[in-house]
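I have a structure here, written as C-alpha cells, and I will follow up with some questions on it.
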Amino acid sequence: MKKSVFLGALTVAGLAAGAAAAGTLDDVKARGKLNCGVTTGLVGFAAPDANGNWEGFDVGMCRAVAAAVLGDPAAVEFVPTTGKTRFTALASGEIDMLARNTTWTFSRDVDLKFEFVGINYYDGQGFMVPKELGVSSAKELDGATVCIQTGTTTELNLADFFRSNNISYEPVPVETNAESQQQYLSGACDVYTTDASGLAATRASFEAPADHVVLPEIISKEPLGPLVRHGDNEWGDVVRWTLNALIAAEELGITSANIAELGAGTNNPEINRMLGTEGTLGEMLGLEADWAKKAIMAGGNYGELFETNIGEATPIALSRGLNAQWTNGGLLYAPPFR
Amino acid sequence: MTTLTDPPKESFRLSMLIYDTRYRSMTIQVIAMIGFLVLFGWLISNTAQNLQALGKEPSFRFLSEPAGYDINQRLIDYNSQATHLRAAFVGILNTLLVAVLGCITATVLGVIIGVLRLSKNWLVSRLMSVYVEMFRNVPVLLWIVLIMAILIETLPAPRAFRGAEPEATMKLFDTVAVTNRGVYVPEPLFSNSLGNISFFGEHSLRFDISLDLLAFLAALILGLFIRSKINARANALQESTGDRPRTWHLNLAAIVVPTGLVLFALGFHLGYPELKGFNFKGGTHMRNSLIALWLALSLYTAAFIAEIVRAGILAISKGQTEAASALGLRPNRTMSLVILPQALRVIIPPLISNYLNLTKNSSLAIAVGYMDLTGTLMGVTMNQTGRELETVLTGMAIYLAISLLISMAMNWYNNSVKLVER
Amino acid sequence: MSDVSFVRTEMLPQQSPPASSVGFVGWMRENLFSGVANSILTVVSGVFIIYTLWFIIGWAWSPTWNAQSLNECRAILHDLGREGHWAGACWGVINDRWEQLLFGFYPNGTEAGVADMRWRPILAFVLLGFALAPVLYAEKVPAKMIYLTMAYPFIMPWLLWGGSIWGPIMVAAGFVIGYIGYRVLSQLAGSLIALILSVVLAVAWWLFAAGGIAGMLADLTPALGLEPVESRKFGGFMLSITIGVVAIGLSLPIGIVLALGRQSDLLIVKSLCVGFIEFIRGVPLITLLFVASTLLNIFMPPGTDFDIIMRVFIMVTLFASAYMAEVIRGGLAALPKGQYEGADSLGLNYWQAQRLIIMPQALKISIPGIVSTFIGVFKDTTLVSVIGLFDPLNLTNAIRADSDWNGIVWELYGFIALLFFVFCYGMSRYSMYLERKLRTDHH
C-alpha cells in the first residue's frame, strides 16, 4: 500500500494498474478504505470543516457503509465530485459509491448503467421567492428570472414545468449553491429553484429568513439515494442493506445510545437477526456478524442522522415530512431483515 | 596527380540502417512512426475495451435528440425541445460572440493603457502600472468570478426601479437600464421590416439573417465606396495642383445619406426597455454573465496587450519621434501617424497569441453561467446524456478549429503588413 | 557717449532655479500639471485613487478577526453602529480557514492518530528554493549545490506523498542504471544503439525490479519512511504550487525533446511534434482537464486507476510541455548560427553538440520564458476547481457551504487574489531582473 502510493506518484502507467475485475467489496476490504463520492460542499449534506473533516447527512451514509464493511467509520476517503464528474468517477471505479443527492431517474439507472440502492431522502423541486414580490403560486411567475444549478435534473424539470404551463421565464444557470444564493439575495434573480431541502437549507442561512417564502408547488419527484455501478450485485446489496438497516433501526427503536445494550440480545428476533446475535445475515452479505451494529453506531440510526445534520434542531431545520417512517405517515419502509 | 575513383560499391548491410547517415534518418523516422502508431492503437484499443466494459458504444445519436434545457443567452432561435446539436451550435455562437467582443475591447483598452503607461504624467503612468500588474498577476478565473460578484452586488436589482420613489432610475434620459441582471439598451426596430432569410431550412444548424441588417450594410458599403472615390479624386487633384479640396462634408454625406435613406425606408425606430412585471421588457438585454465575462477577459487581456504595445513603442527608435517633431507634428499626431504604424509590426505577432488566449479563456464562461460551447455541449449536454467521450472530443475539435482559423487569419494579416525587405 | 555705460566685470553668482521649477513643486509641475489635459488627467486619477482607497480601507478596517461566524461579525459591526451591505469585512473566516486555504486537507494533527505533517510541504518548498539556486543564481552559490538540484525531483515527491524512502531511491537508481548502461554500451556499440538499449534497460528496471526491491527493503527497514499521504488530501495553495512545480519540472525534458523535434529535418518526427504542439496550444486547458476528469481512465488499460490529482498532473504536464517547447524553440532560434557551425567544426555529433554547446546556452536564454510559463501554469491551476479539486478558489465554495460562513464573498476572494498576486508578482520581477542580466551578459 505504502509503496503503491509513492510509485503511483512517480512512475508510468503500468505500475499503478490495480487488480481489476475483482468485486468492489473485496477491493474495499483489500484497500482498507471506502472511496465515497460526495458533493464539493452543500450545507447539511456534505461539507468539510476547518480541519478537513467531512460532515453531513450524505457523509453519514458513507461512514455507515465504511463501518459495516471495514468496522471503522473513519475509514472513508471522501472524493468531492461535481455534477459533471460524479458519474464518470463512479463508472471508472474511482469511487465505490456515490452519496451526493443524486436523483434516481430511469435514464441514469438504465442508460448510464448505475444501480440506485434505495432512497435516503425524498425530495421535490420547489421555488423560493422574496415575500415582497407577493407571489403565492409558481404559476404566477410568468416572465420571472430563475436561478438554477446546472448539471442537475432540476434544469430539465424547470424547462418542462414552464413549457407545460405555457409561461415564459429566463433561466440564470449557476454552478454552486453559494453562487445562486448570492444572486438570489441581491435580486439578480427573482426565484431560486432547487430541491426543497436545498431551499430550506439556503433560506435558513439568510440574515432574515422570514422575508422569503417557499412556494407550495413541488414540481417534481426527486428521490435522492446512494448509487453504485451496475453489475456488481454483492456490493450493491451491501450498500442497500446498510441503508435499510439504518432505516429499520429507527423503526425498531435501535439508537446509538441503546445499541450496546440491545446488541447483547433481546426478545425481538428481528433486532437480534439484524444485530447479529441470531442468524447469519452478515455472513450472507460477506460481512461480519455485527455489521449492522457497527453501521448504526457510526452515526446513529436514520432518524439520528437526520436530526444531527439537517433536522429541526440544526440551522437547516428540515422537518421529516415524507422522510418519516411509514408508521408515522412517511415513505420510509425498510424490507424485513429475515 | 590524383585519380578520382568512385567509392567502392558497397552492398547494403543491415547495420547501415544505423551507421550510415543516409539511411539513419529513415530508420529513426520509421521507428518514430511505428512508435506513434503503436501508442495511438494502444489508446484506441484501451478505449474500446473500457467502453465495452461500461456498455457504452460511441455514438453521436444523442445529438439529434431533444436537449430538454433552456439557454438564456442565444443568438439564434432555440427552445428546450430543440436538439442537442442546436444547443451546441448556440454555444459555439456564444463563444464566438464573447471572443470577438473581448478581442475588440481588449485591443482598444490595451493600446490606450500601453500609451498611457509611457505618459509623462507620473500619477497616470503609475496608475497604469498598478493596473497592469494587478491584472497580470491574478488568475483570470478569479477576475471573472470577482467581476461577476461586483456586478451582482453593487448594481441595483430591477425591483429597486419600482415604486413611486424608486431607489434607482434609468440612465441616459430613461433609455438605458443598468441592473444587476444585466444592461438593457434600446434596440433597433424596423416598422417596414424586410424579414429574414433562412439558411438550412429546418435543420438543426439553421439560422436566419436579417435582411434589414443586410440592407443597412449594403448602404454603408456603398457609402464607403463613394467616399473612397471622392478621396481618390481629391488626391489626384492634390497631386496635380498642390491644393487639396475640402472633402469632409462630401465624405460625411456619402456615408450618412445612403444609410439614412435605407433606415428611413425601413421605418427605423428604437425600442426602449420598460419595467414590466418581474423584469425589464423590450430593448436589448446584455446579460450579466456576458458582461462579466466580456469585461474580465478584456481587462485581463488588455493588461498583456498594454505591455506588448509599450514594448512595441519603445522598440521604435527615438530618432523617429524627433524627426516627426522636426516636421512640426504635434505629439498625439506623432503617436498616431509615425510611432504606432511602425510599432504595429512589432506588436502584431504577440497580439495574435493574446487573441488566441482570450478565445481559449472564454471557455471559463461556465464559472458565471454564460452558456458557451463548454457550458452547452461539454456541460449540460454531457451531463444529461452521459456521453463524455463524444462531447469532450467534439468540443476540443471545435476549439481547435476556431484557434487555427484565428491564427491563419491573423498570420495572413501579419504577412500583409510585414515590412518587405529589399 | 555717456558715462553711464555699465560693463559687468565679474560673473554673477549662480542662482538657484525659481522655486516653482525645483523641489516638490517643480516636480509636480513637470510630472503632474504640465498642461491642461495633463492636469485634468491628474485630478481625475487622484480623485479615483483616493475614493477607491477610502472605500476599501473603510471596509477592510473591521475588528472581526476573532468572530466565529458571519452572524457574529454582523453583531460586532452592529454594535459599532455600522450597518448595511458594506458595513465591514468579516475577517473571522480568514482566521478560521487560512490554514485550510494554504494546505487543503493535508494532515494537521487534528485527526486522531495522525500527526501534524504540514512541515513536509513547507520543507519541500523551502528545499525547492535551494534546489533552484544553482540554476537561478549560478554565480552566488557553491557549485556543489547542483547535487541537491539533481536529487530534488526524488526528494519532493517523497516529502509530499510520504511512503518508504526506498521507493524514490529505486526510481533514481533506474536513472543511474540507464546512465551506466549507456556508458558501457557506447564503448561496445554505437551511441544510438546504446541510447536505445539503456532506455530499455531503465524502463525494465522500473517496471519489473524497482517495485519489488523497494518493497523488500522497506520491509527490512520500516523506520526509513514517512507516513503516506494520499493526493486527495492536497488542497489550497499547496495544491496549486505542487501542480505548477510538477508540471513545469516534468514538461522541461518533454519540451526540450519537442523543440528539437520541431527543428529537426526529419519530416515525420517534425510533423508529429508540430501536430502535438499545435493541438495542445489550440485547445483550452479546461478541455484538457475535462479529459483528465472524465476520459483519461477510459484511455488507459482496463483496471488502471490513477486518482484525479495524478490525472491532472498528466494533463497539465502535457499542456505545459507544448508551451515549454515553444519557449525553448525561441531560445534555440536566438542562438547565433556560429555556435552550431562551431560545434560541427569540432566534429561533435548531433547529441554531443546539443548537450555540450547548444542546450546550455539555449536554456539559459530561455529561463525568463520558462519563468513566465510557470507563472501562467500556476495561475491556470485555478481551473482545476471546475472539475472539483479543492484549489483555493473551490475551497471558497466548500467554506461557504459551512453554515457559519454562508454568505461570505469578498474576504475570501481578496485573500486568494492577494496571495496569487504576491507569488506571481515576485516571480515576474525576478524574471525581469534575469532578462536584464542576460542582456548585459551577452555584450
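Labels for the chains are A, B and C, by order of writing; each one numbers its residues from 1.
The criterion applied here is as follows: contacts are C-beta pairs under 8 Å (C-beta built on N, C-alpha and C of every residue); 3 or more make two chains touch, one makes a residue touch a chain.
Bear in mind the structure is a predicted one, so any value in this text is a computation, not a measurement.
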Practice prompt. Count the C-beta pairs in contact for A-B and for B-C, then report the pair with the higher count.
Written response: B-C
Worksheet, complete the sentence: Centre-most chain by CA centroid is C
Fill in: Farthest-lying chain, centroid of Cα atoms versus that of chain A
B
Discussion item. Nearest whole angstrom, what separates the Cα centre of chain A from the Cα centre of chain C?
Written reply: 38
Response to the item:
Between the Cα centroids of chain A and chain B the separation in whole angstrom comes to 42
Item to complete: Please compute the C-alpha centroid of chain B, do the same for chain C, then give the distance between them in whole Å.
Response: 28
Worksheet item: Considering chain B alone, which of its residues make contact with at least two other chains?
Response: 149, 153, 366-367, 382, 388
Worksheet item: Can you list the residues of chain C that touch 2 or more other chains?
Response: 290, 294, 297-298, 300-302, 386, 409
Worksheet item: Going by the touch rule set out above, which residues of chain A reach two or more other chains?
Response: 84, 88, 182
Worksheet item: Can you name the residues of chain B that touch chain A in the complex?
Response: 54-56, 68-72, 79-81, 149, 152-153, 156-160, 180-181, 276-279, 281, 288-289, 366-367, 369, 371, 375, 379-380, 382-384, 386, 388
Response to the item:
Touching chain C in the complex, chain B uses residues 18-19, 24-25, 28-29, 32-33, 36, 43, 46-47, 49-51, 53, 119-124, 127, 133-134, 136-142, 145-146, 149, 153, 356, 360-361, 363-364, 366-367, 374, 378, 382, 388-389, 392-393, 395-396, 399-400, 403-404
Response to the item:
chain B partner, complex, touching residues on chain C are 31-32, 34, 38, 41-42, 45-46, 48-49, 85, 190, 192-193, 265-269, 272, 278-279, 281-287, 290-291, 294-295, 297-302, 375, 379-380, 382-383, 385-386, 393, 409-410, 413, 416-417, 420-421, 423-425, 428
Worksheet, complete the sentence: Counting only contacts in the complex, chain A reaches chain C at residues 1-3, 5-21, 39-44, 47-53, 74, 77-82, 84-85, 88-89, 92-94, 176-179, 181-182, 185, 204-207, 314-316
Practice prompt. Mind listing the chain C positions that touch chain A in their complex?
Written response: 71, 74, 96-97, 99-100, 104-105, 108, 110-112, 157-158, 161-164, 166-168, 171, 206-207, 210-211, 214-215, 218, 225, 228, 230-233, 235, 290, 293-294, 297-298, 300-308, 310, 386-390, 394, 396-403, 406-407, 409
